[in-house]
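Shared between the two complexes below is chain A, which has chain B as its partner in the first and chain C in the second.
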Partner chain A sequence: MNKRNVSAFAVALVIGIMFVVQARASGGEKIYTSRKAVTDCETMIASEQATTENIKEQIKEAELLLAEYENDKFNEEENVVESNIRDEWTKYSILAGACDVKGPGVEITVDDGKRDLYAGEDINNLLVHDIDILMIINELKHSGAEAISVNGQRIVDSTSINCSGWTVRINGQTYARPFVIKAIGNGRRMVANLLSENGYGTSLREWGVIFTVEIADEIEIAAYSGSENFVYAKEKGEEKE
Partner chain B sequence: MIIAIFFGLIAGLIAGFALNITYPTEYSFYVTMALLAALDSLIGAARAHLEDKYNGIIFITGFLCNAVLAGLLTLAGDKLGIPLYYAAIFVFGGRLFNNLAVIRRLCIDKILEKKDKI
Partner chain C sequence: MKKYIGIAVSGLLAIAVGMVLAVQMSSTAGSDQGGLVPYSKLKDYEVALSEARNEKEDALEELTLLQERLQTIEREMSAEDAVLDGLLSETEKYRLITGAVDVHGPGIIITIKDPVVTDEYQDDISIITYHYEELLSLVNKLKEAGAEAISINDHRIVQTTEISLAGQNININGSATAPPYYIKAIGNPTTMENAISIRGGIVETLKKNYNLTVDISTDEDLVIPRYNGVITFRYAKPVTESEEE
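Showing the complex of A and B:
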């Protein structure tokens, strides 16, 4: 009887200890992980490590560039820093529409159709709408246009194109037909896309709107004339290292 | 014997808190399965005791065997990618309830017997 009690006590003791240890280790959380979860985590860790390696390489490259710049301080003739900054500046001013640009591209003219209406046909079929211009601009951007203007108004980041009665407002200015859209880019590609079977130019022509597109070797597009005031958007400062 | 089990559990809980044992979390599931097996053995022993069929060697070997088998099943299941530990959970869990039901009946019978005697 006594022996029995001792063995039962021993086993109960072991169970009690195991219980507490286990409860402490898990903290009530599910800690069993399947093989799949482990593999997933391993894949994630590997990809994170690859990213880290990538970033290390980027840092190395940046350091090389920095060393180049450091050397440059003593080299009067060729200033890499300045030329790099100039390149960047040109790029961003083209991007923002802040400077006049020229280059090969296309000139598109869109005008209201002049044919007679069919019996009961909606006149809207023949008119140019804001949405038509928007669709053409979108198509041009899709075809790699680098600068676009409509009736001389540069299309920039904040450009809006609205319908206002018989006219269209672009960048807050009112324009009437015809609309001349200029775009700098790969002309053949833009024409091919606009006049393809499903292109928007083809659709306009089918409705009866006048749509002509010409490839030009030299297109000039003026800078954006409006001014930008950022009231709400503020630059997010870089964290100091 | 029931009292011994009770005190053993309490002593074990206190010891667990006092000793502050830790082990790698990877093994925690095996420990859980072994714990379930051990608990089953203990309840089984209590039942055998009440039925007067208790055998110390069977108890101790059953305790060790069940715990090891449960751990091994879990390990094998992990390696094969099949949740084999379910087998241990179902068997031990089911037996736990079975044994507990038997123990309860035996206890009630004893109490009723005592009352009849009086």
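Showing the complex of A and C:
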């Protein structure tokens, strides 16, 4: 009987020591991490590498252009520099929203739902909010939209869209429902994404909000009416002031 | 009587051991068993990631230098042409406001971290990733408060930027990102900070509704990197009626 007690005690002692050893080994720090942390890293490495490849392509193009520029200096006939200045100006003025643009695209109308409310349902379910417009614009950009306007206001880099009571403020101007969103780009792709199973258009319709989208061969979008001037942000490397 | 004491003691011991085992088993049950990775392995990946980032930055610097050389030639060769010279200075202005160059200035840095994991919900689920529309909303609020340049994890937010969910990660400008998120914004620091931290505002929503850790710090001189993608317009053409050409 005494022997049995001793052996039981010995077993318990060993197990107890094992636990302490295990607790000490980790030193209070994490010794394991989740698989997600590793896959996140892998995904980001792959995407950084893809970006680097893309930048290297741009470097090659810039080098070619530089060679052409050098050539241009001794050649009166051709004028690569001049045509490139014009191209760059066109590109950046479209991007900055400084000129009217036209092209194929889509026209979207979003309006508050007209159906009756269910018993006890919140009216907010049927109303269009700023986040809805933001999400539609985001989805359009994701589908490669090149120029976007909401109720005639060009969406530029600095554009914010905010609900203020019954109205929505875009670029500092006030608008009310319905919202007409125009986007120039690949119409089929934009419609497909908006109306896919998980598309934002589909989910708005499920809420009961009115959402229509039509492909148009030619859409015209007006220039941004405001002016953008940086007060705080300065170009890096230019320390004149 | 002596007989029973021995049995009682070993019985108690068995119960104690059983409880310890049970506690340990239940504490590992929540995490995906077999899916755990040694922390040291993650360190290797982190090193590889920072190497990939450095390589990208080097390439970008090379590109920026080349573009500067091109611009110098452009300026030299159009010095006598007033029209071209005008186009050049307009392009330069547009490049600044559309995010084509690195900028610096005063601003704020907002850090968003996923909630600290408790045993049951392992960090395989990222709260902020699944609520990426909150990032969209935060960017919108910062713009409303007058932010001039914004970046999320050093990806510059430009006119064409989308923030979308791609698998387990948020894609910004087509690049995959992961938490924690660092949002930098150049502008009036006080206005921006106060605008987003009003009661019931975006920061409170992030903290209360999603249990995220949000920190705001101001910086006298923030640097926000340029957009590094290619911009091409395949569909949109400028309307040229009374305009040039």
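The definition used in the following text is that the second predicted complex is superposed on the first by the 161 of 241 C-alpha atoms of A that agree within 3 Å, B and C clash if a C-alpha of one lies under 4 Å from a C-alpha of the other, contacts with A are read in each partner's own complex, and residues count from 1 in each chain.
As a working rule, contacts are C-beta pairs under 8 Å (C-beta built on N, C-alpha and C of every residue); 3 or more make two chains touch, one makes a residue touch a chain.
In this text, all values refer to a predicted model and were calculated from it rather than measured experimentally.
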Q.
For A:Asn5 in the superposed arrangement: first (chain B), second (chain C), both or neither?
A. both
Q. If you stack the two complexes on chain A, which partner ends up touching A:Thr51: first (chain B), second (chain C), both, or neither?
A. second
Q. So, A:Ser225: does it touch chain B (first), chain C (second), both, or neither?
A. neither
Q: Pick one for A:Phe19: touches chain B only (first), chain C only (second), both, or neither.
A: both
Q) Is A:Asn138 in contact with chain B, with chain C, with both, or with neither (first, second, both, neither)? A) second
Q: State whether A:Arg35 touches chain B only (first), chain C only (second), both chains, or neither.
A: both
Q) Is A:Ser83 touching the first partner chain B, the second partner chain C, both, or neither of them? A) neither
(Q) In the overlaid three-chain picture, which partner chain does A:Leu65 touch, first (chain B) or second (chain C), both, or neither? (A) second
Q | chain B versus chain C, judged by how many residues of chain A each one touches | A | C
Q | Intersection of chain A interface sets (partners chain B, chain C) | A | 1, 4-5, 8-9, 12, 15, 19, 31-32, 34-36
Q) Once bound in the complex, which stretches of chain B touch chain A? A) 1, 3-17, 19, 21-23, 25, 28-29, 31-32, 34-35, 38-39, 41-42, 45-46, 49, 54, 56, 59-60, 63, 78, 81, 83
**Q.** Residues of chain A that touch chain B when the two form their complex
**A.** 1, 3-22, 24-26, 31-32, 34-36
Q: Could you please specify the touching residues of chain A with respect to chain C in the complex?
A: 1-2, 4-5, 8-9, 12, 15, 19, 29-52, 54-59, 62-63, 65-66, 69-70, 72-73, 81-82, 84-86, 88-105, 130-131, 134-135, 138-139, 141-142, 145-147, 155-162, 184-186, 220-221, 228, 230-237
Q) Residues of chain C touching chain A in their complex? A) 2-3, 6, 9-10, 13, 16-17, 20, 31-32, 35-39, 41-42, 45-46, 48-49, 52-53, 55-56, 59-60, 62-63, 66-67, 69-70, 73-74, 77-78, 81, 84, 87-88, 90-91, 94-107, 122-124, 126, 133, 136-137, 140-141, 143-144, 148-149, 157-164, 167-169, 174-178, 186-188, 223-224, 228-239, 243
